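Same chain, two partners: chain A is paired with chain B first, then with chain C.
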Partner chain A sequence: MYNPVDAQFQAKAMRAGTAAWALQRLSGLFLTAYLITHLIVIGTVVRGEGSFDSMLSKFESTPFLVLDAGLVGIVAFHGLNGARLILLDFAVGLRYQKALFWASYVIAVGVFAAMVVAARNLL
Partner chain B sequence: MEAKLRVRRYDPSSDGLAQYQLYGVEMPESATVLDTLLATRERLDGSLAFRCACRSAICGSCAMRINGQSRLACKTKVIQASPHGRPVTLEPLASLPVLKDLVADMGPFYDKIRAVVPWLAADPAKRPPVREYLVDAGRSTKLSQFAACIQCGVCYSACPMVAADDRYLGPAALAKAYRFCHDPRDDAKAERLSRVAREHGLWRCHTIFSCQEWCPKGVNPTEAIQNLKKLTMLKRLGFIRE
Partner chain C sequence: MTEATRIEEEAGVTTPWSFIGSGFLPWLLQRVTAIGLVVLLPIHIVINHLANISKVEEGVLPGLVVFSDVMERFESPAYWVVDVLLLSFALFHGLNGVRNVAIDYGLRGVGEKVFTGALSLVGVAAFAFGIIALAAFID
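Let's look at the complex of A and B:
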């Protein structure tokens, strides 16, 4: 059976549908990793107030604030593209699937940019 | 111009693995990939194996992967596939066993199409109509898109879900199922839906739209699959009785 690395994942063959499919899974993996990290961080509260505060202080640096902004952008994309997929599963908006993907993507990037600006004001 | 091809060669009678072979042949600028393959076989290498018949995108025989994309060789110009004069890479359709060089075994693809009852099935208990059975223009127009499928296998090869699950029916079979489920003359909708609304059927489609992107005849199998999903869900939720 000849089945090499699928050509669909070569950049030149990547179209909106494939990109949406891949990004939905990558963002899902990122959110799972975030959730696990979040539970670990929140879990330090059982070791007392000092332990919790010391853990939180590590996340107040600029790189982590940018990651927080990214998290909101990724949540926005995952949610909006998820809504797109629900519509498509009911055969609604099939002709506009590319526009719906690009709308999800642009809104998510916009949300990320807004969060970066907000984070800068916090620092 | 010199048309350059980089062809994946595989000979089942030899023990060797597949390898890529370069060819260069003088062709006019209007030459298609199929024209170039025919010239290569005629002038350079008679052992080169590929399928073709109509040369005008009607039969679907010459479907293959051109620079990684599933296409018809007769509908793709060399200059279009390789604007900078680089060799055009030719490989057989993906997700199907290879018989020799660019010839894929279409058996699994056809078996899956057969599995969805791809014909009009009349209920023997019903009396046949006394006059011709008219299909209204709106329904007919909607069906014509799916009836345009030439079963070339491009959608099957382009679908990442077929590559991931060799039991998945694939876009062509599901589009065929929708074409007959949507036909008012057909009486086997329930049987057909029960065959496709399964794990390795409808629900394996993840709306990637590759089938629609690459179909050389403008068929939109994803639209058919999503409509079948909708039909199945509405039936299971009790909104449709049939």
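Let's look at the complex of A and C:
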């Protein structure tokens, strides 16, 4: 059966607009899954201060701090590209939609790097 | 859909209540919550995480996120406002996004209503759980 969603992925060369669409969707689904995980982790507080502090201290290791930096990078991409989508809704910047996608992507990678630098003494 | 509403719809008749069920409200709320999150999330990340890095390095705090530190912050009602808004906006935005994906893949009719209902239940339950967790930080 023809599915327009699959067809977007099957195009011979993925164009910037399609890449932006796919990345927005993947990052959105990832962030929703993260949100639920985040609530469960923070929710350990209902079992008291000790449970909360011992749970949160587990995430203060190098691999988790790098993952945290990646998370902030993904949030930055989703937010910046989302702002681009709102502009496109109002037909603002249509001519620059590709450039705006690449700007979102490059800035998000920069945010990730900045987060790693910010936490470097703890890594 | 009744015959009357079908004829009205085909004729492009709009009423003040036409927006209900038209998909306009979820579309609008997705954008309103998006703008809210763009403002609130940086505040949340900077206050809860980035600001604490220097405090850990200076030995003021034993860890990046510790109960006593969060509890101190919640003495100010402004953090309550930020966190309750974040909780509701993020849950709506995320779950409505999942609904959008399902609709893109062709979910319609009864299936769509059941899925929307299920996501709403998840949202309400997660919101209640989030409030209970936040309240645990209050003395």
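Just so it is clear, the second predicted complex is superposed on the first by the 111 of 123 C-alpha atoms of A that agree within 3 Å, B and C clash if a C-alpha of one lies under 4 Å from a C-alpha of the other, contacts with A are read in each partner's own complex, and residues count from 1 in each chain.
To be clear about the criterion, contacts are C-beta pairs under 8 Å (C-beta built on N, C-alpha and C of every residue); 3 or more make two chains touch, one makes a residue touch a chain.
All values derive from a computational prediction rather than experimental measurement.
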Chain B versus chain C, judged by how many residues of chain A each one touches: C
Contacts of A:54 with chain B and chain C, given as first, second, both or neither: neither
Chain B versus chain C as contact partner of A:18, first or second or both or neither: first
First (chain B), second (chain C), both or neither touched by A:89: both
First (chain B), second (chain C), both or neither touched by A:36: second
Which superposed partner A:118 touches (first chain B, second chain C, both, neither): second
Chain A positions touched by chain B in one structure and by chain C in the second: 3, 89
Chain A to chain B touching residues, read off their complex: 1-4, 6-10, 12-13, 15-18, 20-21, 85, 88-91, 94, 97
Touch list for chain B against partner chain A, complex: 10, 18, 65, 67-70, 91-92, 94-98, 104, 158, 160, 163, 166, 206-210, 212-213, 220, 222-223, 226-227, 229-230, 233
Residues of chain A that touch chain C when the two form their complex: 3, 5, 25, 28-29, 31-32, 35-36, 39, 42-43, 45-46, 49, 52-53, 56-57, 59-60, 68, 72, 75, 79, 82-83, 86, 89, 118-119, 121-122
Chain A-touching residues of chain C, taken from the complex the two chains share: 31, 34-35, 37-38, 41, 45, 49-50, 53, 56-57, 63-68, 90-91, 94-95, 97-98, 101, 104-106, 126, 129-130, 132-133, 136-137
